[in-house]
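For reference, the structures are reproduced in the following blocks.
Below are two complexes that have subunit A in common, paired first with subunit B and then with subunit C.
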Partner chain A sequence: MKTTTNSQTKGKSQGGSLWQSIFMDWDRVQLVISFALLALLALSPLVVKSPYYMSIIILTTLYIFTGISWNIIAGFSGQLLIAHISFLAFGAYTTFVLYITYGITPWVGIFVGGVVAALLGLGMAFVTLRYGLKMDYFALFSIALMVALKALFLKWKFVGSTIGLTISLGEPGFSKMIFDTKEPYLYIALGLTVIGIMVQYRLYHSKMGKYFLAIREDEDAAAALGVNTSLYNTLALVIGGAMAGVGGGFYAMYVTHIEPPQVFDLGFNVEIMMAAPIIGGLGSLAGPVLGGVVNKPFAEFVRGFVAGGNPAVLPIVYGLFLISVILFLPRGLTGVVHDLYLKVRRRYTSNKA
Partner chain B sequence: MTILRVENLTMRFGGLVAVKDLSLSVEEGEILGMIGPNGAGKTTAFNMISGYYKPTEGQVFFQGQNITGLRPDQVCNRGLTRTFQVVKPFSHLTVLENVMVGAYAHTNKNQVARDKAREVLDFLGMGDKTELLAGGLPIALRKRLEIAKALATEPKMLLLDEAMAGLRPRETDEVIELVRKVSKQGVALLLVEHVMRVIMSLADRIVVIHHGEKIAEGEPQAVVRDKTVIDAYLGEAQVDA
Partner chain C sequence: MNFIMSIIDFFYMPLEIFSQTIVNGLLTGSIYSLVAIGLTLIYGVMIILNFAHGEFLMLGMYISFFSFTLLGLDPYLALPISAILIFALGALIQNVLVSQVLDSHPLNQIILLLGVSMLLIGLAQFFWTAEPKAIHVSYETEVFKLGILRFSIPRTVAFFSAMIISFSLFLFLQYTKTGAAIRAVSQSRAGAVLMGINVKYIYMLTFGLGTAVTAVAGALLTPNYRMIPTVGAPYAVTAFVVVVLGTMGNFIGAFIGGLIIGLVEAFAGFYFGGDVKIVASMFVFILILLFKPAGLFGGKTGI
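The block that comes next holds the complex of A and B.
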């Protein structure tokens, strides 16, 4: 087996057993790590009986999915999209309006929500490209848009204005996506996350994914090699936006009530969109999952055991935690695991040689 | 057959005229050298030809078609690819992935792009570097990677912006050989270069630019004996060397 000793290498399989072809390929290892952690979440109902803990596990899973949607835009294509949560809000409102006003099942509604969010992404891309907004200006634009949308939704009677929208629980039912136990919600969230991980992996290993990465690394250099940077920036916003919209639809069905101050909120945006990829390693394949299994449980731990009923404690401790990760683990948990992985692999290959 | 024809290109930035009324042409398979002092407008001319700047006046024709005002990616897809003076590797991608980005210009298939990238890297003598991260390469290899990425787009013509600046003499010689190999495959070349030795050994013809204007054009031996060229440029270049 030919390997290089440089620590900056990415392994590629060179035949051998299935196990070996996975072990030698870091991207596949990340896929295995992701699915292993999801399997733990899937098995958790065997041990976890308390609805409170189940709720944390469900939201942990959902935040992995929404984290993936942001990872594709910010981590892959490198667009500095801050207020990603507008997509989630569009998906949530679409699902609720369709369900409450028109009686359309959320199983359809959340995907229509994804389409509506994708259209928002298309609109954002149009404005961005038309006015040449890049990096910090794009970040500001996304925040300004979120604030404007919040003001609009607060006044808009059709979507409940300040009161927001609430689904009446009534009789549970599969077609209504309303259940009297927690487990079904967990398995829906897991289903979405499995799809999310596969989409992210396939994308990463496609022409489109490589173009996203090239744009992130150097937009001018990408254009010089024939990459239509406008088109691919737009595609990233549409794909990531659609996923966040679907996540928003499910989120609404799970929490049963949405209102503008809750879904157009930067603090919530950090928790549900940005934290998992940042803790896990922005732009990496395993990042949203590795970060996700830490993110929500950590926040709840602080809320439940450290804060002692003082609402100011959570944002402070949580914020300091995120800052520490950015300062001391810029490549996130995936970076730590990757270094470990390279050590193990080097030992393994040198033993064989 | 003329592959590239530039007619009366002018670029103004506010009151500053960076390039003034520049016309030149490159024949198929030819190597045209472009020289001139720092700030003469060479890179600005490059940026106009490759679609990064929209010229204030003038037009660019590639293979007979007017490509003035096209985007850089459209210019590349017509078969005219450029490199950058300040190299722009995709630092967090491997060398192979860097070159694959170029190779995707002609395919959607990963395997085809991967094979093409390997072929180009072998051609440039970088076949053993495929799995390294581009950001960690020494400057000589990063310069070479820049050429590899461009070649992977299968250009009919390459614009090389100081592909040899900052290299040691031996490294420079290696790149000169590479450029010859590329040229032998029928790719036309426009070279911007400061190192006179490089231009003299590679170029079929030379264009000299000074203060944004073309002051001389012709065969290398004739141009270096030109009085205006010596006054404007070579005098100082020889002091540099």
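The block that comes next holds the complex of A and C.
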């Protein structure tokens, strides 16, 4: 009698072990939430037919990906990189120059763009970390660099100076990454985002990720314990920069036109880089996804339906987003979900006991 | 030899152009000084980077614009209006928003102030549109000559106003009881609390003062600059460079740094064209970071 009960409970726990091993581990729960939301985005073309709404969904997905790239730098390693958009601009320009001037397919171009952006990250790290620029100084440096790059790109004839670069649409084709429907763009963005989420998750659970968190919590203490803080700060910049560069390459191919005032802009930086992880909860795994599904759709909703398409509403919405999250929701939406999750888990475990 | 001659040729300037460039640099630099003093005051007391700084300059310009078009006031007579209104707004923002994040991670502070910046830009764009606005006064393009030098009247008035305001603010900080309290808080917050200083009040006062000074700088620019909602950003970036050059939180450093950056920009503008000015100050910024990250007046803490 006794043995049967034992084997029964054992069998039961084995049957629920996969589910349980996910449910009891908050990081895995975050991963599941992320993929569930991405699945919703992936299924959306079944319902959504209008190109306007499809466009919002594509940008929503892309903003999740770029948000992840900033989350790794600012959320994990805690560096005050404000003007992250320089990386995106480098990726976008590289992809366009390779495609327009040398006829290289964007499928290669966006990844070369990622490499170029990673090199920019390496250069930034070399200048700033080598001389121990931290916190406020680093934030100022990133913004000053963005402003200077904007001035240079406005002057640089090779990249179209003030006019910027535009691709002629012409015949759609897979190798040109130009499609006549919106769906392929969505699936490319989703593919990038899935890779981004996996990279973020693996990173978070690796030794490197632990070093990032140690640096974020207390850089001096981490250094005293033997963490090579300069190396890991540099790695964070390179990884996050490369991802932002790839995102920039795709963004350029999707919008088909880039110019310096647009891609070197602090307001756009908030929209495409900072808003999703901040709303979702900076430094958390599900943050960029949870924040991302709110970010663009809500801003577009307010602009389109409340303000009759007035573009001045966007900075107001994003300003209020940033202020209210910092004041009322410092852990972001992930914090809310986490509290809920803990409540459910406590009830579950107490029921079992 | 030819190469050296060509370099000398490139940098050669006739004396009158040289001195005129210095004059222009100092005239612009005085405005940078004023904006940077506001920034450094806030940083020195609260150790917080005011990322919404440029927007207070923008608001100062718009207030001056509206007091000219609606009330018919001369832009210079409207200076106190800008100062008082923005002082109140700054103190309010400090009390309601900034005071909540003074002890949190610097990233939270920056995000909050970026939010304030975007909100102010958005509101300005919403109510006053992105269309450039300008006012026209009789002395707008007037110039007076002193020997070989030419002085634009509005910019000269702006220069002397900026000098007077900076100097009186300096005297206020040095020789009044409230000024001493502000300096005390910037040197040691805990010590100031023990001396019975109301730190919350000092924070509000400082933020108000810092933003008001910036708004006045904006108002001084109104007679010869057009305004758009994003006009403040380049000034804010320049002010950041100035503040780092003159040591963050150092009053005199910000004042002298502003004049230096004004000169650098004027000479860079002469040699390489006006658009490269910002690259020149960025270059100076990197040089400071590499060779003297503590700034010109490093070592001294507090305002």
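Here is the rule we use: the second predicted complex is superposed on the first by the 334 of 353 C-alpha atoms of A that agree within 3 Å, B and C clash if a C-alpha of one lies under 4 Å from a C-alpha of the other, contacts with A are read in each partner's own complex, and residues count from 1 in each chain.
One rule holds in what follows: contacts are C-beta pairs under 8 Å (C-beta built on N, C-alpha and C of every residue); 3 or more make two chains touch, one makes a residue touch a chain.
Every value quoted in this text rests on a predicted model; they were computed, and no experiment measured them.
So, A:207: does it touch subunit B (first), subunit C (second), both, or neither?
Touch partner of A:207: subunit B, not subunit C.
Which partner, subunit B or subunit C, touches the larger number of subunit A residues?
C
Once chain A of both complexes is superposed, is A:224 in touch with subunit B (first), subunit C (second), both, or neither?
After superposition on chain A, A:224 lies in contact with subunit B alone.
Is A:339 in contact with subunit B, with subunit C, with both, or with neither (first, second, both, neither)?
neither
In the superposed arrangement, which partner chain does A:183 touch: subunit B (first), subunit C (second), both, or neither?
In the superposition, A:183 contacts neither subunit B nor subunit C.
After overlaying the two complexes on chain A, where does the subunit B footprint on subunit A coincide with the subunit C footprint?
Touching subunit B in the first complex and subunit C in the second, no residue of subunit A appears in both lists.
Which residues of subunit A touch subunit B in the complex?
Residues in contact with subunit B: 4, 6, 8-12, 205-207, 210-211, 213-214, 217-218, 220-229, 283.
What residues of subunit C sit close enough to touch subunit A in their complex?
Within the complex, subunit C contacts subunit A at residues 49, 51, 97, 100-101, 104-108, 110-112, 114-123, 125-126, 129-130, 233-234, 237, 240-241, 244, 248, 275-276, 278-279, 282-283, 285-286, 289-290, 293.
Which part of subunit A faces subunit C closely enough to touch in the complex?
74, 78, 80, 82, 127-128, 131-133, 135-137, 139-141, 143-145, 147-148, 151-152, 154-155, 266-267, 270, 274, 278, 282, 310-323, 325-327, 330
Residues of subunit B touching subunit A in their complex?
Residues of subunit B touching subunit A: 50-52, 71-73, 76-77, 81-84, 88-94, 97, 100-102, 104-105, 107-108, 110, 113, 131-133, 136, 149-150, 152-153.
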